[in-house]
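Submitted below is the structure of interest, expressed as structure tokens.
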Amino acid sequence: MAVPPSTYPSRLLPLFLGLFQGALLLFFALFVTYDEPSAQAEDTNLVANQVYSTFPFFQDIQVMLVVGLGLLLTFLPRYGFSSLTHNFLLLNFSTQWALVLQGLLHHFHHGQIRLDLHKLLISEFAAVTVLISAGAILGRASPCQLLVMATCEIPAYLASEWVIVTWLGVLDVGGTITIHIFSCYFGLGVSKALFRAVQQPLHPKETPTPSSDLMSLVGTLILWVFWPSFVAVLCQPGDAQHRAILNTLLAMSASAITTVVASSLLESDGKLSPGHLQNGSLAGGVAIGVVADMAVPPAAALALGSLSAVVCVLGFRFLTPLLGRKLTLHDQCGIHNLHGLPGILGAAASVVAVVVASKDTS
Amino acid sequence: MAVPPSTYPSRLLPLFLGLFQGALLLFFALFVTYDEPSAQAEDTNLVANQVYSTFPFFQDIQVMLVVGLGLLLTFLPRYGFSSLTHNFLLLNFSTQWALVLQGLLHHFHHGQIRLDLHKLLISEFAAVTVLISAGAILGRASPCQLLVMATCEIPAYLASEWVIVTWLGVLDVGGTITIHIFSCYFGLGVSKALFRAVQQPLHPKETPTPSSDLMSLVGTLILWVFWPSFVAVLCQPGDAQHRAILNTLLAMSASAITTVVASSLLESDGKLSPGHLQNGSLAGGVAIGVVADMAVPPAAALALGSLSAVVCVLGFRFLTPLLGRKLTLHDQCGIHNLHGLPGILGAAASVVAVVVASKDTS
Amino acid sequence: MAVPPSTYPSRLLPLFLGLFQGALLLFFALFVTYDEPSAQAEDTNLVANQVYSTFPFFQDIQVMLVVGLGLLLTFLPRYGFSSLTHNFLLLNFSTQWALVLQGLLHHFHHGQIRLDLHKLLISEFAAVTVLISAGAILGRASPCQLLVMATCEIPAYLASEWVIVTWLGVLDVGGTITIHIFSCYFGLGVSKALFRAVQQPLHPKETPTPSSDLMSLVGTLILWVFWPSFVAVLCQPGDAQHRAILNTLLAMSASAITTVVASSLLESDGKLSPGHLQNGSLAGGVAIGVVADMAVPPAAALALGSLSAVVCVLGFRFLTPLLGRKLTLHDQCGIHNLHGLPGILGAAASVVAVVVASKDTS
């Protein structure tokens, strides 16, 4: 079933993508407009302020997804170019697809969808789920399989997000539950479905080299630097956003140090594992998302960051090999360790935070 | 005539650059000052707001030109370091030279030129033309030849910009015509003049390797991410700037997907060509510049992005080999496909947009 | 005495780091809180404005330190991954350590330290000194030795900063004296202490390759682009900040060109030395820091940038070999040429500027 990733299956890919792009064009021509021009000087200032307050965050997130995540995936040597390309293609395809679906579901008024930067940002958040899930089958799925996955995952994400945020009323500014946990288990499901019983032999291209590990670490560092923007962009301006930035910075700093501790304790020769560092440093960012803008004490952010790094490194060391052996579950990038486990930890922390807060106020 | 690029011709380069730097210093000492200190608290707020609204855009553009464009040029293996260095040197030289000329032409009042961030930005826009033109002769021209080209191109750009913008009254916020089309044909002319009749044999250093293609793609992605800042920085704050950002994002997203479609249809084995991806993904950004802040519908931005990617890929596949054979025209980076053809497409689109708009209002 | 850098000495490193992280957690739990929630709508706007005016600068600086400086250090081939990792680890460790010490010294009121983005930024500035000093012993010191150095250097920095800024009243927005000069001589002292009399033979891993030089140059370019943010972030908003940005841009542009001049004049074959370019281009940024926000004329910024690049290149060519031979002083990255000499030049320039200014006003 698994098509070797490097051979694009004849003409299926351009046909599929071409039809999609044509349909999107038609949809935009019929239904999508820009916001009405601001009539007054006051409105102009308002729009300008919205642009200045959102656009720098938006650019940071674009760098994360296009450059940072792309580079992180290049740890498979000689497969780097495809990883970067597929990530880029999936981001664009998924964002456009999410723009259509979210427009139809939430923003369709009087036969029109008014496009603005905020709606584009929300669509990009939806696309992140696809990029994460793709990590489970990196290098094993063809571009067509990835696009089919994206086509299914975006509506599934929108449905699950509606259940979690609108129906259950969970607050999750950083997308810990709606993005990270969801996409992790979706991706693992896809991996299981595609490569069901096949115990895949290790391909020689799948052993990282020093040079590919270096590029991948640069990707990690770019993600690490801009992660606070990802968590804070949708927060209420003012204290909540300020707190979200600080909490994320603290959690990620604790993750970075704890990853070094955990990794060098676990490895028999006391040396750091590149894979641990590339993923563990980011675990705090995954976990903190759901509580980032709450009034949690700074120490809690540090503790959550440390704990999620420990969980992530332990996952790589023990759980991934176990899942591979027992369930023949293949998880190429270890998304279960970076997105699944720290996500669950963050969700648990948010329950604690809510309980404590309700006790404090009662 | 062509000096091998790696041997700096004796002492000509430092002499030329040293004299230039000395003359610039003298010019600055005699004529350039900073703006007067803001006398009142209100003015201070005004200056601060100008800094906060321009500086993030400015930094984005610096990243594009220094890191993004520099990396894009490293696709020639083992020539990467020189590409990056020459790009960096040309940017600094051309910006300083443009600062002098623009200061003398436009900002010379009472024997003084008052420097501010906006004037520096305008000079950097002028320098972009040199960086684009250099792509035509990358790896074949010596640093001295590149500097002579820069010395001539900056005044030519200022003249052509004056004709297009001031005299003909063309609106071109993103520099589609004034920067991209101009620099493309200027660069091709220089290439023709330098390597007139010589059918250059392919140098072994000029075949990209997987690793050099990867670095170059990273450059493309950096340019792709920050392109909206380049197009929107000189727009009117408010709706026009907001629209310019959205239009550019849509056009570039369409370009990215359409490039994959066009490239995998054209290549006989259905595989993506790295060169197509590195350039086609950016074609939409070139074309959209001239209409970005106009009230064009979002669908038009998508269509323009798709079309320019198609044109760019077709250019690489058919036109570049043809020009090389028939006109012995050497275009190392394919600037005609990335800047020339999409630029012409964008200019044509702007004519259509203006005609449609004038019909609507009449 | 020198432990080979690639073998983490058994369990010492995780023990030390783990204890530190635990102690930090305890300290935070006991003493650190966030600022009180803004009670009124006006306060919310104030906090939001502070976030929008500081955060983009903060992110720029994070990119510089984590990605830019990290990549700059990867010029030693096959040691790149460790350089990047140690830089990342040291940054996190030193920032946290500085946060504790600065909190205790300056911000301890009513048994509490109120954390905000500004305090985090100040701690990161302190951490920069450690990253610079580490350049002197890059690749020769073990992670544990680096951490011990960081533990001692942060309090030493805080003491010296107090003497220079508070006691002597020196204005130094860009940290020329407090950060660059201090960390340079601290690092050289540590290098001397660690590798006292040993004339280290050149390790084969210590000869840069074209590919490692390319990565390192990318690091330089990232630092070059974002340096104005580093210098300007702590300036008074308005004219002073505007001037600091412009002065830094001019100084660094002059440095870039002058480095090419100086390097190609000094090298016998007229070719550029990668090491000169990687360091000399940044020398102007080091020197300008102390006068950046003063009312110096633009020509002075250009002159200072040029001069510091000359001094830096001369230092690499003549002083470093001399110090190595005469004093057996090992300076792996040449921090004396990039931070020491241009720093002294900048300090001298600030004296001139102050004297001239006091004459003008008298």
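Labels for the chains are A, B and C, by order of writing; each one numbers its residues from 1.
Following the convention adopted for this analysis, a contact is a pair of C-beta atoms (placed from the backbone, for glycine too) under 8 Å apart; a residue touches a chain by one contact, two chains touch by 3 or more.
Source: prediction; values computed, not measured.
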item: Chain-level touch network, classified as line, ring, star, complete or other; value: complete
item: Fraction-based call for chain B against chain A, same above half, different below; value: different
item: Distance from the mean Cα position of chain B to that of chain A, given in whole angstrom; value: 32
item: Residue list for chain A, restricted to those that touch at least two other chains; value: 52, 56, 211
item: Contact set on chain B toward chain C in their complex; value: 6-11, 13-14, 17-18, 20-21, 24-25, 28-29, 32-35, 37-38, 43-45, 47-48, 50-52, 55-56, 59, 62-63, 66-67, 70-71, 74, 78, 80-81, 84-85, 88-89, 92-93, 95-96, 115-117, 120, 211, 215
item: Touch list for chain A against partner chain C, complex; value: 52-53, 56, 60, 210-211, 213-214, 217-218, 221-222, 224-226, 228-229, 237-239, 241-243, 245-246, 249, 253-254, 256-258, 260-262, 264-265, 270-272, 274, 277, 281, 295, 297-299, 302-303, 306
